[in-house]
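First chain written, first letter: the chains are A, B and C, and each begins at residue 1.
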Amino acid sequence: MKFSTKLALAGVGIALLATVPWWGSAVLVQFGINALILATLAQSWNIIGGYTGYPSFGNSVFYGLGGYGVAIAMVQYGLPFPVGLAIGIGLAVGFAILLGLPVLRLRGHYFAIATLGLAEVMTAIVSNLEIAGRNVGLILPLVKGDVLFFELSLILLVVTTLAVMWISRSRFGFGLIAIRENEQAAAVMGVNTTLYKILAFALCSVFAAVAGGIHAYWITYLDPGSAFDVALNVKMIIMAVFGGPGTIFGPVLGAFVLSAISEILAAKVTSLASIFFGIVIVAAIVFMPRGFADLVRRFRQSGWRYFQENIRTYRV
Amino acid sequence: MQLLWQILVNGVLLGGLYALMALGLVLVWGVLNIVNLAHGALIMLGAYACYYLFTGLGWDPFAALPVAMVLLFCLGYVIQRYVLNLIIRAPMFNTLLITFGFEVVITYLAQIAFSADFRTINPSYAGANFSFLGATVPLVRLLAFAVALALTLGLWLFLEHTRIGRAIRATAQNLIAARLYGVNPRHLYALTFGIGAALAGAAGTLYGVVSQINPYIGSGLTGKSFAIAIIGGLDKSIYVLAGGLFLGIVEAVTALYIGPTYTDVVSFGILVLVLIVRPTGLLGRTA
Amino acid sequence: MDDILEVRSLTKRFQGLLAIDHVSFALQRNEILGLIGPNGAGKTTMISLISGTLEPSEGEVIFEGVSIRRLPAYRRGRLGIARTFQVMRPFPDLTVLDNVAVGALFGATGHSQVLQDARERAQRWLEFVGLDRRAQQRAESLGGPDRKRLELAKALAMRPKVLLLDEVMAGLNHVEIEEVITVIKKVREQGISILVIEHVMKAIQSLSDRLLVLRNGEKIAEGRPQEVLSNEQVIAAYLGTKRHE
């Protein structure tokens, strides 16, 4: 599919989505907000994980810092929401730069575990902070109208995706991809790998933080467990990986499709909500570990045998 | 001074349990290159197995421990043989994601089956203490420590001195070497994961005796097991033991001098520091 | 004669193993200097020390009169030092063209800022090495000899002043070797100074202006090919590992 066609489709999609709050049911709108925020997170992860090849398990920290930035600003200091967002972004970027420096020197799975550790540390630290309401958390002022949050989330997703689009056709993005493909070769060819990695990390922190801020304000409640939810990390990674890491629209697709599947399955058997997400993950890793993009590409050649081939490639 | 001694004793007792918790994770990681994010969930299941044997059949928890181990072994074997074996040659990253999927499923099933209430396993001798050089040592904690140590030693002996154990260790090096032992690799992998799960089950039983359990303790325990594994080092069981003891003591000291809510800050803080400074662990060989 | 690259008393230790032992030499502007020696002599280590992939334990690396010892690898690349890797390292998921474009984007002075421009430049380098037919193929899918061409093109796209070649002829047949020699000579005509590691004796003899011989991390001979190759020590170094070329 040509890029201009994809772009046109995306444009139509955005326009359609923007109208949802006016004809959709309350449940649909809420599902939409959650899906949009998850898509933003998956897309932000895409920058550090998909393009740069550093699988971060710590993006939930940026999300949480964004949420707490908003919550503390509004609850403790009576500042307006945009200021709270700015503070959240500041905290997240600061964290990305300060902790990115040591942690981005680690390779592959050590990096993943280090960021996981960071997520746990932040949860523990924040649950001890008075200003953040400790373990109890904070309650934010109520704003009526899911419409506002829906549109905000949609705008955020569009901006994040535009950023990724810019990355994919810029010198910066090329540098990131080179780092992913072969960091040592990239360095000898003139890519300032340390700077680029930190920039990528900081960039994804911005979008994750705003997502966290919007989400916190929307559900009007924030506590360390939900703000720095470690499971959220894995969710956004899975969505990005399934949609297609290192692509522009992949993570968005992955987020929407996986969210939709889970919701639909959950709606049929209401008491087993989250369990379907787990089952879908297991099935997807076994049958289509290279994501939707790969599935679409190879299905044309192999048909249903695609799934079998995947298993054959990776089994004992 | 007296207080510090008590804290140290507490820390060591806790550390033994911690080491056992991390042992299964390290075994599976080292041999199969599988990073099991569901490890904590398996520990949780072990705890519940013991709980129901205790409350339902009136068994002493330490007698129930072997049964819990067998049950978890079977579960682990099946998981590895019929699911994980299908993706074993995929990038390690995939194992992270798929085991996360398992964690979600197991936790939710547990929540439905067992309800979200906190439970404890309280044998009749739960309150018994005795004195050791001036420190109070609860009997159950001492027993838990002893069992943990015994199992750690047992695993080491198994891996060193039995044919299957050596085959498992050979697998960590490469599969062809393992085939020389004449064991079907699918079976060997499943055995390894099963043993890892059994160790988790044992840790769960002991955990249930010394602390409260509910279906959600899984992810926290996984995190803690990670910390212990990385801090100690992945190469040998003895490193895991050292890592567990280290963390146990550090947490006990932190709880006393800084505050009990800060133990996680310190544990995971050390994890991150170790990764940055010495990724192979405090004792592991430099890569 | 002007030295573009100089190495002074360069030493590298790996946990007790002395890989490079106080080696000094200079690469003159526009010359082709061959670096030879038995396996394990430290030739690739030497290149890694010059390119910045490894840090020296002692000694100096001087480029155009300025010490670059403290500079990280990417800065040296930007200054004009390019290298190929013996174990070839393409960017697997990128096309052959884009692999080379990375060099054009990030290489020495005059690097492109714009992707389109970089790709055009990359196309020309692909033609230079003879890979233009494969421009749109994924780098991963290339065979051995083509991979070597790609390594070379990537390095050239950086517009280097110094080119460090690490065994670009290994595994090639006679025809391919002749082609590579021709290309290397063309590169020198562009004003680039070249340090070549090679095992293919005949090729390096005809290609090099001078030869440098390493054994066990030490320099044991340096000079014109005829002198060096009749040096007793050099012959002794190769006894038992003599290649039939």
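In this text, a contact is a pair of C-beta atoms (placed from the backbone, for glycine too) under 8 Å apart; a residue touches a chain by one contact, two chains touch by 3 or more.
Worth saying up front: this structure is predicted, and the values here are computed from it rather than measured.
**Student:** Counting C-beta pairs in contact, which chain pair ranks first?
**Tutor:** A-B
**Student:** Which chain is most remote from chain B in terms of Cα centres?
**Tutor:** Checked the centroid distances; the maximum from chain B is C.
**Student:** Which chain wins if you rank chains by how close their C-alpha centre is to the centre of all protein C-alpha atoms?
**Tutor:** The chain sitting closest to the overall C-alpha centre is A.
**Student:** Once you find the CA centre of chain B and the CA centre of chain C, what distance in Å lies between them?
**Tutor:** About 51 Å, centre to centre.
**Student:** Rounded to a whole Å, what is the gap between the Cα centroids of chain A and chain B?
**Tutor:** 31
**Student:** What whole-number Å value describes the gap between the mean CA coordinates of chain A and chain C?
**Tutor:** 42
**Student:** With touch defined as at the start, can you tell me which chain C residues reach chain A in the complex?
**Tutor:** 51-53, 72-74, 76-78, 82-83, 85, 89-94, 98, 101-103, 105-108, 111-115, 118, 154, 158
**Student:** Within their complex, state which residues of chain B touch chain A.
**Tutor:** By the definition above, chain B touches chain A via 35, 37, 83, 85-90, 92-94, 96-98, 100-105, 108-109, 112, 185-186, 189, 219, 223, 226-227, 230, 259, 261-262, 264-265, 268-269, 271-272, 275-276, 279.
**Student:** Which part of chain A faces chain C closely enough to touch in the complex?
**Tutor:** Residue list for chain A touching chain C: 169-171, 174-175, 177-178, 181-182, 184-193, 246.
**Student:** Touching chain B in the complex: which residues of chain A?
**Tutor:** It is residues 55, 102-103, 105-106, 108-110, 112-114, 116-118, 120-121, 123-125, 127-128, 135, 230-231, 234, 237-238, 241, 271-275, 277-282, 285-286, 289, 311, 313-316 of chain A that touch chain B.
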